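I've put the structures underneath this note.
One chain, subunit A, links the two complexes that follow: it is found with subunit B in the first and with subunit C in the second.
The block that comes next holds the complex of A and B.
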């Protein structure tokens, strides 16, 4: 094991208007191919009625924010769904694979974007660490892609999955698998 | 001469262990990296199913429910974590203790197990591991692996990737991170805690775990963070932030609780586990305990 500790002054490093910390993990197509190898996908986007929204909220206990359901019927059986939840400050899009019985067979986070901390909330800051700003003392030849010691709960993702399972029961299952 | 082509990077994230787990593999085509990452995620899923306090059929929940009545057979991996936890409890005289479940439930950090009455008393000394790989409890206690299982899951994922011939990977379970390979990985630490200077740790071939708190005014002490001193059974009240570096992520994860509670007094324990720590304290600022080798 080797390591080095450096303190980076935030004030000296912030550039206005930089992007937030973020990672794109998978495109929708990549997630589809991973969760249902070899299958083809038929897009069946649905718009929820007010009654359906109520039924989903009642069944899942989670508020429905977006009335559009992004769903794909899978040629080999089952459904591929894409939704997003609000993280601390930003939306987190994720994909859920349901098998032909409506059980979860896989979850993939598609993108993760967050700004951290009170000071950095307004001015996303991690972009600074690439040495773009003159005078930055740290010599880093790699971007900072990992953060340790920030509270990162997946409660909102668990809630989002509950909402999608209820959506499946209310909207997709009655129309056949 | 270095190649000019960009290294191939494949990274995915899934929700496990109550947090987001990301796995990044470098140097392989995506078509080879994805099956390896999938296998590593399956291992993490197994750890979650075995060790979650929230799953009623996990080894931990079965033990908490019936361990004081009979011997409970558990998976070899659960046994490994339990043995390591007890070894740490012995070494720290109970400062690290996985039987703090009752306190975490009473403070609202964990849900009360269904059908169970509130518990008081009991320590790691009440956990008995038998030769036939079963576990029993001398009195009812609630074990919670929240302070060690994420690190173990990261170790298992890294082993899984290594066994598949992968030379360069990073696994991150909610800030418990292990880097496989000799190239240094920059990691930002404590971004929610520090307003003026953020520590960056560059790490190769090892693990980091961080823990800390900076209580905002008006927040009751007990809800500031799930840090419990296993000895006093009280929340750790000092304003501290620690990051622990060790080869094993399980050790780094568990030792953050020890350094949180003991501060610089944890130096000899860190040494025994081949670990180093960076400790921030409201009164003394940053100090390094057993600094490890530097990146070149």
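The block that comes next holds the complex of A and C.
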């Protein structure tokens, strides 16, 4: 075969691996300071047992991807949790603040690198979850409204918060607040 | 897309995880995307042959569930003693040309323009199965093709594992004789495309596609002319601003003679009629004009 691909579009020759367009909004320390001003934090990372994984998945209806729970006990009461969910292209790390009763008191999206749906890090969308406790139903397009062009991110963040609330109930709450 | 039904360089529904199989994603309302496709087809049963089809497409999200696209297709080819009984045979987009059997043939031309609408009825992220309907009328010199497609998508494992399935129905109307005004039914393309994709690393997906392309000399699923099966891998990279998708597909040696098959088109189990070849390589590049700035 003699083949001269003289018309191969230049655009198609552009190789992947260009600059990272992601945006890091907050470090963990910055998120802690925002969500619990003036508090100190004691790291209490936990490794989930198989039974705990099953209990969390049963309670939340969401698969557990990571058996390591990144948790900090807060000096003023409550917990600071960090997790990540799958976005359209990248992982989306986020932090959740729970008050001493296990209710959501704040959420921060630490990084968001997707083409659309940057509103997921804004308070009008995040406030939908505030006050929710373990056992609360959190379903996209029902209790939680969607964002145009970011359905996958919205769904996975919603699932991630459900999973953290269940994790609190199964793992952290029995050990006190 | 173009032109030839089976050859389906049609546009995709938003960012394509596959080279040939469409998924149900569409552009968000008010967002633009530009795509450039390049599909190279090469190797017949005899002689030498290549065809390069280039497609440029602009897509716009009319609503969050309806995407409209405009596209332009242009192609280049070279053929020599590549067809049945070693006669030089141009590929389907150039089938209006009839070179001498032992002549070398090479040509570049504009093929067609298309409009494309994709309506997503069910999202795979919020429903058990994603469903989209696709319609694409194509017009070119001596050619028109209204193509319809049903797109199904099923996601697993946090939407990282994606199954796609398409059914395509596309009657082709061509002016087959130089001195006639008749734009007559040339054939009807019936395609079954399927693929499985897995996001194995952030930004990166790998897939396999398997598809069957059929041509019939009727509108009602009778008088089969050709049926060819293709299998191959795809690699896809995407970030918030652009994506690249590269697919290689090889025809499987499963072709047989049917009621309307052109004599000499089947060689050692491969269908080498003018819309089929042994190998295809497709590269897609897309740019999100509407990506949010942060």
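Remarks
Methods note: the second predicted complex is superposed on the first by the 120 of 177 C-alpha atoms of A that agree within 3 Å, B and C clash if a C-alpha of one lies under 4 Å from a C-alpha of the other, contacts with A are read in each partner's own complex, and residues count from 1 in each chain.
By our rule, contacts are C-beta pairs under 8 Å (C-beta built on N, C-alpha and C of every residue); 3 or more make two chains touch, one makes a residue touch a chain.
Please read these numbers as outputs of a predicted model, since none were measured by experiment.
Contacts of A:39 after superposition: neither subunit B nor subunit C is touched.
Of the two partner chains placed around the shared chain by superposition, neither subunit B nor subunit C is touched by A:173.
In the superposed model, A:149 lies in contact with both subunit B and subunit C.
Once the two complexes are laid over each other on the shared chain, residue contacts for A:109 go to subunit B alone; subunit C is not touched.
Contact with subunit B, but none with subunit C, is seen for A:158 once the two complexes are overlaid on the shared chain.
Of the two partner chains placed by the overlay, neither subunit B nor subunit C lies in contact with A:64.
Contacts of A:86 after superposition on the shared chain: subunit C is touched, whereas subunit B is not.
In the superposed model, A:28 lies in contact with neither subunit B nor subunit C.
Across the superposed pair, subunit B and subunit C both touch subunit A at residues 1-9, 11, 23, 112, 116-118, 140, 146, 148-152, 155.
Touching subunit C in their complex are the following residues of subunit A: 1-9, 11-12, 14-18, 20-23, 63, 65, 85-86, 88-91, 112-118, 140-141, 146, 148-152, 155-156. Of all the residues in subunit B, the ones that touch subunit A in their complex are 11-16, 18-20, 22, 24, 34, 38, 170, 172, 174-177, 182, 184-212, 241, 243, 245-247, 276, 278, 286, 288, 291-296. Interface residues of subunit A, counted against subunit B in their complex, comprise 1-11, 23, 25-26, 34, 107-109, 112, 116-120, 126, 129, 138, 140, 142-155, 157-158.
Contacts from subunit C toward subunit A in the complex involve residues 27-29, 31, 36, 38, 40, 42-43, 48-50, 52, 54, 61, 64, 76, 78, 108, 123, 125-126, 157-160, 199, 202-203, 237-242, 244, 283-285, 288, 290-292, 294.
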